[in-house]
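Please go over the structures that come below.
You will see two complexes here that share chain A, one where it goes with chain B and one where it goes with chain C.
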Partner chain A sequence: MFQFILKRLGLAILVAFTVSFISFSLLFLAGDPAAALAGETASGEDIEALRHLYGFDRPMMVQYGDWLFSALRGDFGESYYFKLPVAGLIFDRLSITMTLGVCGIAFALLTAVPLGVAAAIRPNSLIDRIALFLSVAGQALPSFWFGLILVVVFSIKLGWLPPSGTATWRHFIMPTIVLGYYAMPAIMRLTRAGMLEVLSSDYIRTARAKGAPEMRVMFKHALRNAIIPVVSLAAVQMGFMLGGSIVVESIFALHGAGYLAWESIGRNDLPTVQALILIFAMFYIVFTFLADVLNAWLDPRMRSS
Partner chain B sequence: MTHSVSLKMTIAALALSVAAGEAMADKASGTLYAGFTKELENVDSYFNSSREGVVMQRAIWDGLIYRDPITNEYKGNLAESWTWVDDTTLEFKLRQGITFHNGEPFNADDVVYTVNFVADESNGVKTQRNVNWMKSAEKIDDYTVRIYLKEKFPAAIEFLSGPVSIYPNEYYAEVGPSGMGLKPVGTGPYKAVEVVPGQHFVLEKNENYHDSPKGQPSIEKVDIRTIPDVNTQIAELFSGSLDLIWQVPADQAQKLEQMGQFTVANESTMRVGYISMDAAGRSSMDPNPFTDVRVRKAVNYAIDRQAIVDNLLKGKSILVNTPCFPSQFGCVQDVTVYDYNPEKAKALLAEAGYPDGFETDLYAYRNRDYAEAVISFLGEVGIKVNLKYMQYSAIRELNMKGEVPFNFSTWGSYSINDASAMVSQFFKLGSLDDARDEGVAADLATADTSTDPATRIEYYTKALQRITDQAYWVPLFSYNTNYVFKTDVDYTPTPDEVLRFTTMSWK
Partner chain C sequence: MSDAMTDPLLAEIVGPTPGQLLRRRIFGHQGLLIGGTVVALLVLVAIFAPLLAPHDPYAQSLMARMKPPVFLGGTWEHPLGTDHLGRDYLSRLIYGARVSLMIGLVAAVISGLIGSVMGICAGYFGGKVDAVVTFLINVRLAMPVVLVALAVVAILGGSLTVMVSVLGLLLWDRFAVVLRASTRQVREREYVAAAKSIGASTPRILLAEILPNIVNNLIVVVTLEMAHAILLEAALSFLGLGVQPPTPSWGLMVSEGKNMMLFEPWLVMIPGTVLFVLVLGINLMGDGLRDVAAPENRS
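The block that comes next holds the complex of A and B.
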């Protein structure tokens, strides 16, 4: 197990390094940070002066090496746009994104797994149909549209929830639903499919035959096995939520890390984008790793492999 | 496309739900809640280049001079009076008894420190053009100060009434731009009491505001939140937690107006939309039709600008025939005007050897719908145009290398009411100059630096006439801004696109 973890860690570092290098080269090719920095009223000479001041005129490898060396010491540099240390800038916003991501995945799991199980127990029943409808709707509804509908209904018509911002926990309710709903269908379908497969397997028949109570069969025997792929999927979804909640953050004016990433790309704010890409990549790596550990716990067969 | 459809559907949905909505932010609370779309990088006005930054700058700080946005008359603000000692030296008598928000008294030291700090290029003021005409400042006595210019610069007064605000020397020396950005201190009508970057700013009325031409603030408190999505801003307005939003797209403003629940005010801005053409043949396009004046004229004739204004921009937008905004000093309107005439365009194209038109790329960074309208008008006379929709900075970079044959762009002149802020930016052989007309550049050089207004007008006229005769650009129209606010807010927007909290009041 320890060796397995070490191997995974080494791989993770390599992935993070590759991601940072590729993103750095892409950003390097994509645009001129000096022009973005100077703003639209700047003249050609202003831009040239800024380019030299920030060292954008040096070769790419030198700039990358510089960045990597500082990043390894935890210094992500100063944002070109905000003129503030990137680490602090991201830290402030990450807490919003993390809160949203955790709430979103919790919402998705708490609705999708019971629905998936219920749908699998009674396939083609009314509850299965409802679950199917919800998942199709979840896939089809763009989150910006769904978010606005919620705002119209709950903020404007009913006046129950604030439309945007982060001041209280009530501000997070609608964003959580929108973000979680997007991840829900896949989790539910996977739970349903997994449960259906497991329920028709021999050991479930055996468990039932030896007279185990139905609840115990469902949750101890069936769900435990059916949930394994769901854990892996949820980990990926979680990474996606943390890095990809841009639309939701924008609609609900949450000012989290996803929105910061999106805006920073437009502003050519290289240090911020670089650091965010690295952090998002790390999220994926950490969550996949945690999912592996969790799966190994759920399924002893995985521990040996 | 899907986005604009969704906007319309949202508006429709919002319209259906007008009935509800209790007011939280209103007159009774004494706080005016406003929404901004863009996040401000730094409240320190020398270190941001956005419109929102200008709004904050005018509220928190003062300049030596003030320009009345209606009459365009210059009045003393922190300065009581000023005189030109010679062509490159300005002397100011400062107003006495003014204090900064932190209690620091205002005097000549503050002016000297601020000017010397911003004029030093290594301090990295973001928009160099706003400050790089100043060489230095010198204290004569506690309330007399001189500003030395690098060279003759007649627009100095205009710049001093705009982007150049005076900072408290002791405080600024201690905290620098980043400290100033988080805890701004000025002499202005509003004090910044809370700054949460990216989220909101709270301004509070400056009870001790001096007798400034800006007028005395009336609204106690202003809370500005950053809400990137226009639909969310409108939802906040409906739910009662915002009192005022601005820069609302025309179609939404129109619908909001029809509902009758809010005041919708429209005002023109100095931003001019234009199309530049590679007349000098710098791009790799071969053959390059734009080097032929007949083709450039044909392009001018082919676009029905009035139709674009009437159907897309609406509001107080006007047709612009010059590469500058008509209110700017020196932006004479006695120029060649190309009215919509597709037949003439086709004839000119045939004459130039393109009877079946030609194919080219149009670069654009905003208002995709306007660009598409232009493309369809050009299509009607046989010019097949492919749209290259990119980030502003990316196009600008290509343009500086001379690789953009055909460019739909805009220029806001930083609200500076002088033609030099626009035409001279693009026609003085700089890297963005696609015409590269030496005669024009020479005339502009004279006009920009002469201290005699009549001479300036004479040379701007020459330059602008030559530019329009040669049809180097297609000047299109001016932009407008929609302001939407609750009916208990009293506010009249000004044509310079600056939101002024000082002139707002509760009804």
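The block that comes next holds the complex of A and C.
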């Protein structure tokens, strides 16, 4: 087990370094950051001075090394726009994105798992068909459009929920639904498939033969085993969802890290964008690592691979 | 075979041909039929856009701004009304099908090429090749797609070429994952061993023995990734960092209509519904193809 964790950890760190290099070099495509920073009216000397000031005249690898070592110490440089340390800016915004991510995954699990279980108990029944329809339709629903529909219905027509902002918990209801429904189909299908497989296994028949009540068979024996892969899928989906929160945050004007990313891209604020790509990637890496470890802990067969 | 089809008694003994079975499966599958019809219709609309569109999708008319659609009291002059610049909404919608389908198709082809080569090589050769490909898949999955695509489009500008290239270079992961797994299964089959034993070259084995036997899975992933690319393009255009105005993109139309959503919700509802229907159609078609191609997987 220890060896497994060590191996996965090494891999996760290697992935993190590669991602950091790619995200750094991607934004190097930008051409001349000094010219962009100086603005259109700047003279040649101004640009040259800026280039020297920010160190853009050094070789790319030196700049990457410099950026990486600062980043490892939690220093992501200074935002071009706010003239403040990027780390602090992002840290202030992360709590909203994290809240949204946790609520979103909770919503997805609370709707998808019961639906998946119900669908598996009665295959091809009405509820199975409804669940299948929801998962097929859910995958095709553009999240930005779904968000706008919710705003039209619940904020404009009915006036039940506030359309934007973060002041109260009611502001988080619609963003949670929009972010969470995206993870629902996958979780539901996996729960259903897992339950179907477990329900046809010998120990379920044994439990029933012993005369265990049906509810006890379903939840104590079956669901506990079927839920194992769902837990790790949820962790991976959580990583995806945080990266996808940029769309949801921009619709509902939640000033979280995703919103900051969107604004910073529009403002050419390279240090902030680089840091955000790295941080969102780190979330994914940490969540998949935790999912793998959890899986190996729950199911020893996983450790060999 | 023709005798078997004409003679009812003989047909019962011989049974249906594989071709008949396939046709029966295709036409007996509701999802595939519905999805295929929707996609085929929208492809036709995209191809014949100049013939179908009642107006020039770019022609502005300040005198005819924000005309409502016919079902909300408008006239047949503009069946789906006009937008804030007086452009005919139906015409923009029709031309928008071209943008969505083109981006979806080309992005799926690019990512399909990258991902298939990686997946097939990883699955067939195993060992170090597999380790490298698996690592690259992990790296790719760790990159936040929307964020990276937005940043690159912001840097390089939002032309169709840039959009297609960015999406093509980002969406190859599922191809690699699926084809790696299916190649590993096929690799151990007898016909691969037979081809090896008669001295077939590795490229020949990959192209003539492996590829035809995993092409079913490839087609399913192509449809799913097309849908994915179309949704992403719409989301990026909605965020203002995708296809640039005045190009008619459905995501952009939703974004332009957003500000007037309070009084004219149809501006948002119409392009969003079409986008939803197209993606739903593609997904139904993909799921259907999977069922038809591999009946043993039907649940």
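Just so it is clear, the second predicted complex is superposed on the first by the 263 of 305 C-alpha atoms of A that agree within 3 Å, B and C clash if a C-alpha of one lies under 4 Å from a C-alpha of the other, contacts with A are read in each partner's own complex, and residues count from 1 in each chain.
Basically, a residue touches a chain if its C-beta (ideal position, glycine included) is under 8 Å from a C-beta of that chain, and two chains touch if they have at least 3 such contacts.
As the structure is a prediction and not an experimental result, all values here were calculated from the model.
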Inset, instruction - Could you look at A:Val151 and tell me whether it touches chain B, chain C, both or neither (first, second, both, neither)? - result: both
Inset, instruction - Check whether A:Asp46 is in contact with chain B, with chain C, with both or with neither, and answer first, second, both or neither. - result: first
Inset, instruction - Once the structures are superposed on A, label A:Leu141 by its partner contacts, choosing first (chain B), second (chain C), both or neither. - result: second
Inset, instruction - Once the structures are superposed on A, label A:Tyr284 by its partner contacts, choosing first (chain B), second (chain C), both or neither. - result: second
Inset, instruction - Could you say whether A:Tyr259 touches chain B, chain C, both of them, or neither, answering first, second, both or neither? - result: first
Inset, instruction - Figure out whether A:Lys83 sits in contact with chain B (first) or chain C (second), or with both, or with neither. - result: first
Inset, instruction - Pick one for A:Tyr64: touches chain B only (first), chain C only (second), both, or neither. - result: neither
Inset, instruction - Could you look at A:Val15 and tell me whether it touches chain B, chain C, both or neither (first, second, both, neither)? - result: second
Inset, instruction - For A:Ser250, decide between first (touching chain B), second (touching chain C), both and neither. - result: both
Legend entry - chain B and chain C contact sites that coincide on chain A, given as residue numbers: 30-31, 142, 144-145, 148-149, 151-152, 156, 250, 266, 268
Legend entry - In the complex with chain B, residue positions of chain A that touch it: 30-32, 35-44, 46-47, 49-50, 53, 81-84, 93, 142, 144-145, 148-149, 151-152, 155-159, 162-166, 250-253, 255, 259-260, 263, 266, 268
Inset, instruction - Mind listing the chain A positions that touch chain C in their complex? - result: 11, 14-16, 18-19, 22-23, 26-27, 29-31, 123, 136-137, 139-145, 148-149, 151-152, 156, 193, 196, 242-244, 246-247, 250, 258, 261-262, 265-266, 268, 273, 276-277, 280-281, 284-285, 288
Legend entry - For the chain B and chain A complex, residues of the former touching the latter: 6, 9-10, 13-14, 17, 19-22, 39, 41-42, 47, 49-50, 121, 124, 126-130, 177-178, 181, 197-199, 225-229, 231-232, 235-236, 238-239, 241, 391-394, 396-397, 400, 411-412, 414, 425, 430-432
Inset, instruction - Could you pull out which chain C residues touch chain A in their complex? - result: 31, 135, 138-139, 141-148, 150-152, 154-156, 227, 231, 234-235, 238-241, 251, 254, 258, 261-262, 265, 268-269, 272, 275-276, 279-280, 282-284, 287, 299
